[in-house]
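Quick one: the structure is below, questions incoming.
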Amino acid sequence: MQLNQASWPEVEAYLKKSKGIIIPIGSVEQHGPNGLLGTDAICPEVIAKEAGDEAGFLVGPTFSVGSAQHHLGFTGSITLRPTTMIAALNDWIDSLHRHGFKRIFFLNGHGGNITTIDAAFVESYAAWSLDGEACPYKLKQTSWWMFDEVAQVCKELFPEGDGSHATASEVAVTYYAYPEAVKDVVMTPKTAPEGRFTDAADYRKKFPDGRIGSDPSQATPEKGKRIVEVAKKALIREVEAYFAS
Amino acid sequence: MQLNQASWPEVEAYLKKSKGIIIPIGSVEQHGPNGLLGTDAICPEVIAKEAGDEAGFLVGPTFSVGSAQHHLGFTGSITLRPTTMIAALNDWIDSLHRHGFKRIFFLNGHGGNITTIDAAFVESYAAWSLDGEACPYKLKQTSWWMFDEVAQVCKELFPEGDGSHATASEVAVTYYAYPEAVKDVVMTPKTAPEGRFTDAADYRKKFPDGRIGSDPSQATPEKGKRIVEVAKKALIREVEAYFAS
Amino acid sequence: MQLNQASWPEVEAYLKKSKGIIIPIGSVEQHGPNGLLGTDAICPEVIAKEAGDEAGFLVGPTFSVGSAQHHLGFTGSITLRPTTMIAALNDWIDSLHRHGFKRIFFLNGHGGNITTIDAAFVESYAAWSLDGEACPYKLKQTSWWMFDEVAQVCKELFPEGDGSHATASEVAVTYYAYPEAVKDVVMTPKTAPEGRFTDAADYRKKFPDGRIGSDPSQATPEKGKRIVEVAKKALIREVEAYFAS
Amino acid sequence: MQLNQASWPEVEAYLKKSKGIIIPIGSVEQHGPNGLLGTDAICPEVIAKEAGDEAGFLVGPTFSVGSAQHHLGFTGSITLRPTTMIAALNDWIDSLHRHGFKRIFFLNGHGGNITTIDAAFVESYAAWSLDGEACPYKLKQTSWWMFDEVAQVCKELFPEGDGSHATASEVAVTYYAYPEAVKDVVMTPKTAPEGRFTDAADYRKKFPDGRIGSDPSQATPEKGKRIVEVAKKALIREVEAYFAS
Amino acid sequence: MQLNQASWPEVEAYLKKSKGIIIPIGSVEQHGPNGLLGTDAICPEVIAKEAGDEAGFLVGPTFSVGSAQHHLGFTGSITLRPTTMIAALNDWIDSLHRHGFKRIFFLNGHGGNITTIDAAFVESYAAWSLDGEACPYKLKQTSWWMFDEVAQVCKELFPEGDGSHATASEVAVTYYAYPEAVKDVVMTPKTAPEGRFTDAADYRKKFPDGRIGSDPSQATPEKGKRIVEVAKKALIREVEAYFAS
Amino acid sequence: MQLNQASWPEVEAYLKKSKGIIIPIGSVEQHGPNGLLGTDAICPEVIAKEAGDEAGFLVGPTFSVGSAQHHLGFTGSITLRPTTMIAALNDWIDSLHRHGFKRIFFLNGHGGNITTIDAAFVESYAAWSLDGEACPYKLKQTSWWMFDEVAQVCKELFPEGDGSHATASEVAVTYYAYPEAVKDVVMTPKTAPEGRFTDAADYRKKFPDGRIGSDPSQATPEKGKRIVEVAKKALIREVEAYFAS
């Protein structure tokens, strides 16, 4: 069930059965020569949608722009400052709490979001902890590629060059979601360099075409479909456990 | 051209021809018994996408959650506080400015966003004005139903009961976009009451099913298609003029 | 009754009869070659004072500096950033709420304030809406020139060249309030250009002496007196209706 | 010269001769049974106006609402939170700096403002100090009752019961400024208790009618006139020295 | 009793007997050629520790970095912006309030902190005052050199050249605390100039080696010991009175 | 070299040789029945001090209060909200950048700080990335127990019951640092439960005496000494590599 395509009476009826919701959370940032700027939002959105459709979970709107300052050297990337992101996430959480949601599961699509999402959770809990009241809701984040079976299938599909940014697997998932957006680009070098980075200038200098450690020319819609199938099942299992916790 | 489905080299190439971008901006909030919670994001998103596809404009990601505190009495509505929204919009604007965009056109789908979007623009300009530097970019917002020809077609399609919230026309647009989400609901009363409101409690008391002045049971995908066609043309005209200004 | 010239026991006595207060709100910004920098604060202050004196309403202190970034190219203009203005207005509202005021009517003197005042109202309501409590007070703004009869008398007095900034009518009101400040300046061109603007640099370039569309050399204290008389009556009518709502 | 009654070309001309400006800064808060809520804004406003008229200094708009949380137990008092006040003062300072002012002299009327004004100055300087640039302006505050000769004349006029809040001397100054607002109230006890306070509840409990240590029934317009004369001279001397520093 | 070296059950036991805590608060900033950057944190920390050990008071962690923008022209100085400091102090206060502390006594070591600490207290009280609830705790600050007997002993030990920054007395206290850090430096000039300052550039220009009015080459561990003994007694007296108030 | 015990000329001399600094960062929070509230600040402080003394690195002041909302159910714990912590860390970073430091290495002592420290780094980099300038400094954090050899020695010393909060190893380090603070407490149960937590109420319910998975009664000063020796060497190696990077 997609919140954005539901009416309020439908969500009200859902809340009588379940107090849980999934929020896909991504980023709008460069994903190399053949990857989509929306990759990190598209991946969790697609996985959450398919899982929600199959298992009946409510899937909220995608929090699509996240923490991407390091990609600003590449055209089209958009970032929130961490303090803005913490404020926005807390407004979402406060709104969902207002309606009685008690389990909010963020399915994350961007490694750079993880720490700021956690800081936002702590900001939310801190208000209750300082007031001396028990917080009535629980917050959780999981990045889709961290499910064991997803990691495994990605390893199988891309034994080499999956990489850590603009990965073959995430590009594949977006190609599955938007086959019309498949881009045929020769990668030079075939596999991008590895490394760490700080700000946007540093990133651009070290990773000239935006990729880190990956050869995303291996990505196909079919491989993406496979990943989504596996991720969907993993997500359903995790969400069921979480909503029941 | 959809930024989310483009690669960074594609956006870089676009920027050589044009410094303009369209950002659909909406809200996630109740839209009455048969309207979608995502209505206000979906409408500008669909119109901008069709316009962008036809005229070649770059359409950025949708700023989907906006200013909706007055709808929080209805399940599923999500709001940003105005100060959060101003911060988030400024982060988007600063990111786009970083890449060299000079005309940022927000196509708005929610009346409740208008004043806060304007305050965000002023916040952005104020930084330049206080520094004594000329701001290198221009910001503009237009709500899709305010184009003259759109207002006219809506009047033709719904001579009575278009209303001012959960309007027949906006519901029609979303039914065109997501025909699988069409909801068949009898409206009681047929046309909802008119009026003004302050906070969520006040709104809920005055408008028990969420609608204001509308009978959205008149909405059909076909009527939505008609509205989108008209809006698309109007948007192309406005955007061409704006990007050339 | 002027709050600033009342004692606290007098205001306490007032609150037993009425829960309403008027707050004049303006801006300190250039008003062309013969207009006062304080114009936008002076106009609502004078109108509110005369209305309050006649009808017994409580008139609070003037919120005198507002949103004026676009005028910073002209010496003497002072602005708040919108986020600062939202914070300050919320502190005023919270203070008045603490005392039990339930209707706060902002009489506005500056077009540039309107959206940020509205955003401040939404910020205030949002706190209650997110908490799930009914907000115990109502907030309203009206700009003095928007009363129908005021618009009409201004049209009569200045059939041409009233304009939209440094208007003949607002300058006339200030000349009525401060006849010692009347400035005799020849306008070149007689009527200023019309147009739209973004930041301070853009404004200054388009409107070299600060006026927009006006010929304020037509302003006289007598015409100002006439406008204030009409505005006073309109305000009393509106305020009585609002406080009784 | 009153900024609010000047045109921008007049202020521009002034800036060719002087880079200094006086900003009266006050508070809107209870001042006991016969004192005006606006006392702390009125006093520096009157003194600054007379000094500016005599010596030709530019006097800006009054920053009228300040830091008054401890008075919120008395109807009509309005406060800014310190962080809001720091933001607002910095917006004023940034605006004045934009125009080229280099000496900004805040004439203060409220003891409770002093620390927050200083914190605002430090916030302003800190931006420059962290950037490693020399700040081009200087900021100063003085409370009008702290001039030696003012302290002396108050002591002469009110050898007993001048007190420390709702003082006989400040009430006298307001009676001079607004003789129509003189209030004839018997004080019980004649002289109010002394003491220290924390929040509004604590203040109200210790000082039931709002006064601290004072018998303001001694205040008359004539005594106020005398104080203003002395304060005006002291201010001119201080301002001349400061603007020349 | 040092909170940092206590366990939570020990602090819980303490709270059964006393609701008071001492927080040393300082700054990390240059203290001239022979003074330690940590001087302003070390002094109140040492005095509070000895007082706490002797009288059984609970001494919390040192708030070590404060308001020092004016010292940023000298290497090693670190500052908080006042608004950050207000936020941080309020988080500390809210945490201590959560545990039931009702008297929080800040023993201050830096003149530049005083106004911002006070603004932080007002920010804390304002939340209660605006809510209309009595604040359950009291906040107090005293700077260690302001105790009468401390002022007197410093005057005795350093009849000349104690000064107002990088004072002989504060350097002596740190030498007592860290005798291994004694620095033997010839002062040129022997006694530093006096004066006032604004930002870091202004400070550095006026006070080339960082001292104001002092000759700290007079400092010895023995003199520091003497000062600490006197300060400890004064603090115990003040704290006992405050905790009992 | 301890910044707090150095003079500014000494730090200036240091900066001629090295642009790097170590900042210990901790938390003030319960550490079970026999652990110190200051544990998380003490551990990195001691290790950094010994490493700095041996290898000549500059060690700055300890950022002692961090992100500890989940411990507020236990008396004495103090927290910063994440947004406050981000602001404070950025003020520290801006100050150090002002002096020319280019490598700032935070040695962390608290798992709960990690994500917020990272968000603070991103906030800092984002300012440069959005401005389009290369950030001139690099920021790094490492938690002392994450060095491989430290993990190994802790495993050797405490093959069972080291745990994940109030660990035997961290308590041992504090006992080495403050042998006078050793507390002899019988643990019930001997080894504390494992698990995850959200807010303070949740934490307290699951971990009644504050420990997670640990038996810190095994801690002794001698074992702490051993850990510090190993950690010191690891830190020197890491810091040398980092400062040279």
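Should a chain be cited, it is by its letter among A, B, C, D, E and F, assigned in written order, with residues numbered from 1 in that chain.
Keep in mind that, in the parts below, a contact is a pair of C-beta atoms (placed from the backbone, for glycine too) under 8 Å apart; a residue touches a chain by one contact, two chains touch by 3 or more.
Predicted model, so just to flag it, every value in this text is computed and none were measured.
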_Using the touch definition from the top, what's the fewest steps needed to get from subunit D to subunit F?_
1
_Looking only at C-beta pairs that count as contacts, which pair of chains has more of them, A-F or B-F?_
A-F
*Which chain has its C-alpha centroid at the greatest distance from the C-alpha centroid of subunit D?*
A
*Copy of B-C's interface among D-F, D-E or C-E, judged by over half the contact pairs being the same?*
D-E
*Averaged-CA centre spacing for the pair subunit F and subunit C, given as whole angstrom*: 54
*subunit A and subunit C: spacing of chain centres that average the CA atoms, whole Å*: 47
*Report, in whole Å, the distance between the mean C-alpha point of subunit A and the mean C-alpha point of subunit B.*
24
*In subunit B, what residues contact two or more other chains?*
72, 79, 81, 83, 87, 91, 95, 98, 129-130, 132
*Name the touching chain pairs, would you?*
A-B, A-C, A-E, A-F, B-C, B-D, B-F, C-D, C-E, D-E, D-F, E-F
*Which bits of subunit B are touching subunit A when the two form their complex?*
2-12, 15, 28, 30-38, 41-42, 60-65, 72, 74-81, 83-84, 87-88, 91-92, 95-96, 98-100, 178, 180-181, 183, 185, 210
_Give the list of subunit B residues in touch with subunit F in this complex._
91, 94-95, 98
*Write out the stretch or stretches of subunit F touching subunit B in their complex.*
129-132
*asked:* List the residues on subunit C that touch subunit B in their complex, please.
replied: 67, 69-70, 72-73, 79, 81-83, 86-87, 112, 114-116, 118-123, 125-126, 128-130, 132-135, 138-139, 198-202
